[in-house]
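Have a look at the structure below, then the notes.
Going in written order, the chains are labelled A, B and C, and every chain counts its residues from 1.
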Amino acid sequence: MKRKNWYLTIGTVLTACMLAFTALGLFWTPCVPSAMDAAARNAPPSAAHLFGCDAYGRDVLSRTLEGAGSTLTIALAVLAVGAACGLAVGALCGYYGGPADALIMRLCDAAAAFPSVLLALVVLAITGPGKYNVIGALGVLFIPSFARLVRGEFLKYRDRDFVKSARLMGVRDMRIIFVHILPNTWPTLLSGLTIGFNNAVLAEASMSYLGIGVRPTEPSLGYMLKDAQGTLFTLPWCTVFPAAAVVLLILGVGLVGEGIRERMGAAE
Amino acid sequence: MGKALLKRTLLLLGTLLLVSALAFAAFSVIPGDPTGSVLGVEATDEQIAAFRARHGLDLPVWQRYWSWLTAFIAGDFGQSYKYDMTVAQLLSDKLGVTLVLSAVSFGLIAVISLPLGLIAARRPGGIVDRAVTVLTQVAMSVPNFVLGIGLMYLFALVLRWFEPEYVPLKDGLWPHLRFMLFPALAVALPKSAMTVKLLRGAILGELNQDYIRTAYSKGNSRGSALRRHVLRNAMIPVVTFLAMAAGDIMAGSIVVEQVFGIPGLGRILISSIGNRDYPVVQAIVVLLAAAVVGCNFLADLLYRVMDPRIDGR
Amino acid sequence: MMLDIRDLSVVFTDRGAPFAAVDRFSLQMDRGEIVGIVGESGSGKSMTAHALMGLIRRSEVEVSGSAVFEGTDLLSLSREELRRYQGRDLSIIFQEPMTSLNPTMRVGAQVEESLRIHERLSRGERKARALEAMALAGLPEPEAVYRQWPHQLSGGMRQRAMIASALVLRPRLLIADEPTTALDVTIQAQILETLKDINRREGVAILFISHDLGVVRALCGRVVVMRQGKIVESGPVDSVFYHPREDYTKLLISSRPSRKKLRGGREDG
């Protein structure tokens, strides 16, 4: 009897909603996010401003939409850098092995042991703040964890019979890596990507909250939360909505990852 | 064991050396000369020369690294660019604050996750198990600073269980720890969720092992089989995870400090990054890295003690 | 009579239609006797042993019938009452000596665990009894093995450690659930010899379970043949071996690659 995979169902629905919400924010917001409406200062949620307004009279819904969009793009870009480089490094290390593999994996172990948020802060201390610096710093720092994941998968498959027979038939290594082995690692990679995505969202939000992430002029959920903290008790909506956006985004993707792992476990 | 210990210790020292070299390169070589940014454009040549001499910027790189490293080991972390103080003076009282917060968080993780993991594993698929699973999944999704803001709102502003004002240690150990409990909770909850999940899985995995059947066949009750056989085996991955999580816990402490206005390493780190006060940032990074590497070393040792099968390697 | 099993049934109720893994199994055993149960995998032979030892989770299966051991029906006991018998009057060894020992507990501690549970003894007394049991199980240098970890022992040694831990309280019945299946043929023969020796010297009755009638013949006086949860044949081992009434039993005989067969000769009977 097949049990329903609740993680995957709920996670997919939640993620789809959040993606629709953030994608909307990339193209349209009800008000100009940075526009200060003096009349609407400290306005609680209402029909005109669904999420209320902050102390400067800025529309919280618009800012949340914009911030979520920015967080999403940063996280995806970080993931693209980290996963692409990690995939290349991990696949080559796992497939060929040897002393280069041992050395690179030692470095990855050392780098992965140190919390990436702190390392990214340190990098930004040198490069200065800004969206692209955040993407670059986090992207590079995410390489080791992906490399380790991919390498583990390749180690698992490189001595399987189908790989051996492909090699015997004279298939080129690159083709074996990308055509024969890579598709098998897809479920593990996908689950790794969901974890990476969440870590990227978490890192970006934390860094911006600390004031060392994107520039103050760039939209960010982390910055909104930092700004709202002084008015936590009087204007709770300024905190609640951006916080909810971060949490729901992470929760949805986390559930999808959990669902993938459950399905993989069931398949084995 | 002796040989493995020696090897691990050498590896530890090597890693520390590597980390220190990286940190030195990152802050003392790559950013270039800090003279201009610290003294400003109107500084005279004499002022610049004096500044460079005072901070040893006129020596070759390897010499600067060596003298920096030996001084660092001796507890001399250099001179702050921004303040007229040594870095050691600047950090002395802040390091302790962050360590207390991290330690309390660590204790909370153990206190929270051990019973929850055991309860969840008691009846897999039961109501309690499912509730714990949902709870852990949600807790894992909340960034610790958001959790901190939530705790602050609930306990300081609504319930008024504590004043949102930092209570230093000199006001008494108990009030200090009482205040620290809330930020520590913000750091600990997401990590506890992961620990619960791991522990539950490990216990269930061990309960299915053949040796548990052997234990029952000797007349063990469920409780004693759990205590004497399952827990020890299930704790191996958990202890390793916790020691590896030490870095994350410290990073979490640094972020959460900002939420609760705690004057620990986090605050000075953030302001130093803003001020480009590199000696301070550098010292904090090296200290934290040393702590993380040390914790991983401990994790490795503990793993060896707990799992006799590793001994041979 | 030491053990009187009547109409023992083990029925799985957790998956749709009820499924009888053991169907009205009956067997009588005297003290000091060695009886074999043979059958292919899935025939219910291990399930019978586990039901007898109380190792079946009662939430998932229904166990009915009776198994009167020295005047007490084991199947009617509560879990707590049954625990007083487990490891003390009845004990069991399993097929996989590798995984049946706790990897993070020293061999000595595992051998003397039943003593710790059932008797109040000092450390020294426990150790002395454990060493004695280990010597009985044929472990060379018991003192050294006592302090070793399971992974440091070979498969045969591990099974001997299991035997020692099962015998430490000198139970009246030892259930051996395919104890030699996972071992090399030479080790298998040595372990069988040890079991025989223990039976002779200590008078421990053995219920020996195997899929290999040849192995059973080397050890047992009587044999029960099981198939799909039911007894298909039983009697003195030689008469079952030489004059099997069922084709199924013949299969269990010929599945054993005997030396004769390997040389190309024909198995007689």
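One rule holds for everything that comes next: a contact is a pair of C-beta atoms (placed from the backbone, for glycine too) under 8 Å apart; a residue touches a chain by one contact, two chains touch by 3 or more.
Everything numeric here is computed off the predicted structure, so don't read it as measured data.
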item: Winner on C-beta contact pairs when B-C is weighed against A-B; value: A-B
item: Most distant chain from chain C by Cα centroid; value: A
item: Euclidean distance of C-alpha centroids - chain A vs chain C, Å; value: 55
item: Chain centre separation in whole Å, for chain C relative to chain B (CA means); value: 51
item: Centre-to-centre distance between chain B and chain A (centres being mean Cα positions), rounded to whole Å; value: 22
item: Complex contact set, residues of chain C against chain B; value: 53-55, 79-80, 83-88, 91-92, 94, 96, 99-105, 110, 113-114, 117-118, 149, 151, 162, 165
item: Residues of chain B defined as touching chain C within the complex; value: 209-211, 213-221, 224, 228-229, 232-233, 236, 306-309, 311
item: In the complex, chain A residues that touch chain B; value: 110, 113-115, 117-118, 121-122, 124-126, 198, 202, 205-206, 209-212, 225, 229, 232-233, 236, 239, 243, 246-248, 250-251, 254-255, 258
item: Touch list for chain B against partner chain A, complex; value: 15, 18-19, 26-27, 30-31, 137-138, 140-146, 149-150, 152-153, 157, 244, 247-248, 250-251, 254-255, 258-259, 266, 269-270, 272-274, 276, 278, 281, 285, 288-289, 292-293, 296
